[in-house]
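Paired with subunit B in one complex and with subunit C in the other, subunit A is shared by the two complexes that follow.
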Partner chain A sequence: MYAVSRYWLHCKMGDKDMLGRTRKRNRMVKQNAHIDNIRNDTNEPIPQTIGAVRSGLQEIFTGCSDFVLREIVCGKDSSIRMLVVYINGFVDKRVLNQDVVRPILDYFSNAKLQDKRNPIYEQLKECVVNNNDIKEAENMQQVMENIVSGEALLFIDGEDRALVIGVKAPQGRHVEEPDTEVSIRGAREGFVENLLTNTTLIRKRIKNPNLKLEIMQLGEQTKTDICICYIKGIANEEIVREVRERLKKIKTDAILDSGYIEQFISDSRLSLFPTVGNSEKCDKLAGKLLEGRVAIFCDGTPYVLTVPYLFIESIQVSEDYYDHAFFATFMRLLRLLALLVSNLLLGMYVALVGFHHTVIPFKLMITLAASRQGIPFSPITEAVLMIVAFELLREAGVRMPRPIGQALSIVGAIVLGEASVAAGISSNLMVIIVAITAVCSFVVPPLIRATMLIRFVFLAAANFLGFFGISFVFVAVFVHLCRLRSFGIPYMAPFSPLTASDFKDSLVVAPIWAMVTRPKILRQENTKGAAGVKRQEARLKR
Partner chain B sequence: MEKARISSIQLFLLLTGFLYGSTVIINPALGAKNDAWLAIILGGVGGALLMGVYVSIALLNPSRTLVEILRDRSGKFVGNAVSILYIWYFVHLASLVFRNFGEFMVTVTFPETPMIIVIGIFAVILVYAVNSGVEVMGRLSELFMPVVPVVVLIISLSLITTRDFTAFLPVLENGMAPVLKAAFGFITFPFGETIAFLMLFPHLNQKGNLKKIAALSALFLVVLCLVIFMRDISVLGSGLMQQATFIPHLTSLLIPGLNVEPLVDINLLIGGGTKISVCIYAAVKALSQVSGIGDYRKLTTAITTFCVVLSIWVYENVLEMLSWAEKVWPYYSIPFQMVIPLILLFLSFKKRVKPSNVRNGS
Partner chain C sequence: MKCRKDKYAVKIATLAVSSMVFLLLTGCWNNRDLTEINMVTALGIDRTEDGKVLLTVQVVEPAAIQSTASGKGKGGGAQSKPVFVESYEGETVFDALRSMLSIVDKKLFLSTAQVLILGERLSKNGISEALDFFQRNHEVEYEMDVLVARNATPKEILEMETDIDPIPAVYIKGTIENTVSRAKAKRTILLDLIKDMGDSGRQPVIGQVEKAGEKEVRTEGAAVFRDGKLAGWLDPYETRGYLFAAGKVKSTIVNIPADNGKISMEVIRSKGKINAEFKNGEPAMLTVRVGLEANVGEYEGKGKLDSPDDLHKLEEILGDEVKKEIRRALDKAQKDYSSDIFGFGTQLHKYHPQYWKKVKDDWNDTFSKLPVDIKVDAKIRRTGVIKGPIKKDG
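Coming up: the complex of A and B.
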């Protein structure tokens, strides 16, 4: 009893801390949470009497209206007392009643069936409860964890152990086609919020015991389940180890989305370019695993992370492998072109108009001059106005409630496009250029964020130094890209370092029967993280 | 020693980019007028031999940089003193290329922009590249260098209709003397400067390929220069070619109905960028080894700033730059490019033949 009340005290203190403190002192709270956890690890035993368990749990869960506690009394002279504890809505009540409660009542009311030699606890575990998924909890810490993660717990009077019965009800939506990654050809199944469903979807595609799923929990408060998934023998062990280590290093209160993990484990945390990939599509993820990548599932989000993530992956689409190779190659090149255009076109236009009139062919020059006639703004002002308007429209399109969509598209197309030209605020050509930029930026979704910001840098550079400014920024971006590594793998592979055998799946897509080797770069390189390499360099220099 | 490794192809591209460097706009071989093609070939052969000397030095002293070789072979004091001279040489070279670049930009594209702005911004990016390490420089060369021959081809092919293929005749109008002089200039201008690569060779991951890489890049440069020369002279004619300040730029302006001027700029940016970054890297690496500073990155910004200032200060105007590059530079370079390396080669051989004697002697 003493132990329970101590436990309760900590919890309560923790709660109070959480409620009582402002955000400013968040760090203190975090520290406290950490201290609480350390105390909880002292493995306080489960009290033997049902009464003590009951009062202890009731105290801990005061104010939790979804907490259910049921005492079962059965056997001769009501001598056997048990306690079923679970959180309402989390467990499948029908299964709990049919597979757990009813067998217990039947068993102990029928004296003939009972096995007198065995203790009740063993009997329950081995031959009464119908459920297959049974574990044991040996201390209060485990008890608490299991209750809040949706298991039903069974306490027996006189035992300092408890049975953990897995009767979690399936939660969340069904498997459906993801909205963000649509494909014309290929599987329509997308991941859902439930971790178990997601891992099953992958297991369904790769029927192989070498597909390993290592589970761990992250987040001091949320205790979110994280699952590292890889194919043993294909994935590089070094990378798997690095992933494991980086995940273990994460110290945070909450993991609400895989995006949190992404930010913690990225090689270069400030880089605009993603070094951790994410996907909602099962077939895509299966492909990545088979190439030797490591996936990180996170409970509560349909976005599964893949590492290492290289630049070339942003223009790879799973359909490339299902289609004719020539067509796929063409699409790859088109995507690369779109990437360049969406970054450079606006800057190029400003540079051409501002600095390099001579480069423009004469006839085009006339058209251009005519379209710019009467525009009161400089090209850069015009460009910034239009592109900011576009970004606003895009953001509004994402955030607004769906039914308003049509109104927005009317405003966007007519008011901002046509009317601004008619009013003489922007030139026709600028509207076309912004439109092309916008269309191109949607072609390569993984780099949308990077493109959006770098575009402005190009624009500014073009305004100051024309093509030269653009070239400077271009070189600087490439220096950055060449510096980047994702889990030890150079970001720009296979172009630099040049890996000839990986060219089959880069700008060119070889037919699927010709892709006989796995990506070499994923296995060959030394896979120490950027930090590791730097440390080693520093040591060697000394 | 930094653990960075560059592959054969990366070194090849770095070398080619370095050789191509500012040869885009200033080519000493053109001093031979109509016979520049002969000067290019002769200079190429001589340059390849000179690079052979450097490669042999590198092979005789495996995984050692120039500074370490100098210290090993001529004692610590003399070695350090000569290394400091080399550091000066690399810094000077870097600032000359900076100036070439800035002068070209200011003359051709930005007549109203102060040169220091153009050079300064370029320097910022190069500091970023050099600080990222040899590996990144190698990878950058892999991404950018392939653009160079493509640009040359584009310009050459688009001029095919306006050519006079007999423009380079008559052969040897003024005898052999100017040709030999130009060839000598061509040896010292791009080829001899590769002495800076002695600071980079230790990073190569397959040492055996070194000779092949050097020979190939020399060959590549000769072919590229020949293509450019034949193009320029057949388009411009020898008279106009001698009057023009920046010949490839003028050529590119002659493409009918199309202006590809920025393409020449891009070529200069890539070549010049490679050359300056290798020079700065060599200088800071050497300086860090001489002074015993562990991390060369601490020095990059300072040295580059110095280069930028020096580049502004070193010439009065573009004509001085051009004539200096043609008349003074070859002789100024002789001790750095030929005398010291030959002595070094001799010392290295001597030690290899009789290792015990040399150790006793020193």
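Coming up: the complex of A and C.
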């Protein structure tokens, strides 16, 4: 508890830093103010005449060929004039025509139906337009924002308000199985680019009014919809508030992917280890929410962020909970092993053949020496060459169109595996070790990038100082991990700090019927309380 | 704010400097690639006539081993030998080892050495001087087997090519390792030898190796030392007697006469205990107590083994046979070599330290004169799958 309250203290201090940074960013925004000219004159009220609205909008949207203006003239003596404005392609035109334009025309051409007591605006809003999703825009800024985010706007002559009618056409691809997180067992549904579809997918799984979805917009230019999602009563209020605050502080031109947000809100922005999780899978996200985590949806990307993100989550897979607990435990341990192997194996090999000949068993040593015989490079050079070649192939495989990727893998296998050994450029054993390293690194996808770089550090340390160097780097990395926090929660929990009750879902997986309590570490109430501060002061006095 | 930045700068500078120092001080001082060393598989040391050390090394060629192991040498043709043997004379072992680099290309790496073979002449002159290097050097493998070459120099033994294993050293080590199932040679690892050398209550015994043919060695028997010098040899049976008394027999075959033939008994468990009995503050008698369990392994004859009485009789004969071997070993140690290889001295040291202080220096002579009482308690556990031999007339 003490440690945590200290963290919050730290976080408070940290806010100042964040504010400082924000100020800096504002300055940058001002420099780019000329791009932003739309904003400066949009707080003005909506002109009352249709003509003025029309010319104003036309001026703003000059050169936007997808901008549509339609004037409706109806009523007796063509006295009622309206203007429908929308962006072509964004709205469902059929719905707009059937539910908005036709009822208006019908209504005003039939004098009997008309309600003379109310002004036209109220009549339209309440009993003409066949749409549930109606809002009002009261100034030009709101008008602009709604137009560009795909709503249809209805202006009425003589009113300084406009009706915002939600007739957005459903867009984007269908819900399908995500490529990045394939599961043998469990739901195949993955998130899509559309925010609303995504929140619906979660709502479908957690049918509970306590599932809160707070929406906000980020990005000066892109106005991307961001949605904070949590379950009230389960999620820690402190964390939710922190998420809200950190999101609000983001000042940037564009949010094109949740990755942008991730980088802005990470606790330790330079750390190689992710402190914000992401997922494409609905069932996984639902699980995270139910554990008390907070999700951040971002319109335009299927990757949903979850915070806090702890180290142990990198070896957790949703199938762990669907499967037999013993098997899941075994897989957890295997993943941890893979993580260690993919980090250390290459370095260990270099240390072994470079320094610690005495610990190699005799027969293995002969094999090692035989495979090294006649190789012109030192082990470190060989290792770096091979691993760089592998990373190149991997990157090429990702970037290439899929059909060409096949050819690439063949070339890679033959060149890396066979030819380099046959040509005497690398040893058999090195190929095997690089292969094992590569396979192991794919077992723990969230840490692939961290591993990729740390591996080189281990390699360098092993070449300079052998096992001593490896243990040195290992301790350094471990200390770093223990120092890391994600939204106030220690990264290495439940191991550091030791939280015995959370061990049920760490290296071992308890059967689902035995997981009675939610993760304790995420549920710390009163984390910001003065008690911790007071205790600290008392300690200092003593 | 500025002050804080300065502090950071100082911190970073300290860290950078300290890590630089850290790297520079230790550096890559010991980084040697596997291809830059010669792996020594066996070492032989002997004395030349003028008192110099003659060091022989057997070095493995990993590539050649690999190609013989996989069965298809790449490119066929001239296949290189799996090992090469070189000798060099020097003032000391270390000197010879380093000077040998004038005829060998890469540095010699000792941790892979499987056996250390001591020459007869060296053993007679004393081995403690030569072994100093092996205790001092950090690269030496303490579990390497030590053998004494008989009727051949270490060089001759190491130069033998054998068909059994591509590396002769591994072959020699294998033959001495399997003594656990025959108990006719004493296996001594370097660490034990060093311990025994420093212990005045026990004299070292080292296994013996000799040439058995052009391509084979034989490890049977043992060399007895006294005060670091070779005193003489034990034959295989005496060696086994010694091992029984010392409690180091794991398994062996003891042949005993029986009705109409002979029986091979397989000893499966054995315990040996030695002690000294005191009278009037002086050791009056040395005792050896051995308990063993055996199975009937083979019966070359016609007797039956289905009654307990038969077995009891056999047990007695087996006990006597083992006793005889122990007696022979003791006689050799006491009368011929006057060397307490059994470690009675260690027992005295433990239980009668006052007396031990007095006799420590000439204990071996005292030991030679003491009578020894040997008791062997043999038990027969099983007679195998059949009770008696097949009757032809049945």
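Everything that follows uses one rule, which is that the second predicted complex is superposed on the first by the 482 of 542 C-alpha atoms of A that agree within 3 Å, B and C clash if a C-alpha of one lies under 4 Å from a C-alpha of the other, contacts with A are read in each partner's own complex, and residues count from 1 in each chain.
FYI, contacts are C-beta pairs under 8 Å (C-beta built on N, C-alpha and C of every residue); 3 or more make two chains touch, one makes a residue touch a chain.
Because the structure is a prediction, the values reported are computed rather than measured.
Of the two partner chains placed by superposition, only subunit C is touched by A:G354; subunit B is not. In the superposed pair of complexes, A:G466 makes contact with subunit B and with subunit C alike. Judged by the touch definition given at the top, the superposed model places A:T180 against neither subunit B nor subunit C. Considering which of subunit B and subunit C touches more of subunit A, the answer is B. Legend: residue contacts after superposition of the two complexes on their common chain; A:N118 is shown touching neither subunit B nor subunit C. When the two complexes are overlaid on their common chain A, residue A:P379 makes contact with subunit C while staying clear of subunit B. Legend: residue contacts after superposition of the two complexes on their common chain; A:N208 is shown touching neither subunit B nor subunit C. In the superposition on chain A, A:I366 contacts subunit C only, with no contact to subunit B.
The residues of subunit A shared by its contacts with subunit B and with subunit C are 355, 358, 465-466, 468.
Residue ranges of subunit B in contact with subunit A, taken from their complex: 1-4, 7, 9-10, 105, 109-110, 113, 118, 121-122, 125, 128-129, 132, 136, 138-140, 142-144, 257-262, 265-266, 269, 273, 294-295. Taken in their complex, subunit A has these residues touching subunit B: 355-356, 358-361, 465-469, 471-472, 475-476, 478-479, 482-483, 490, 492, 495-498, 533, 536-538, 540-542. Against subunit A, the residues of subunit C that register as touching in their complex are 23, 26-28, 30-35, 37, 39, 41, 60, 62-63, 65-66, 109, 111-112, 114, 139, 141, 170.
On the side of subunit A, the complex with subunit C involves touching residues 353-355, 357-358, 362, 365-375, 378-379, 463-466, 468.
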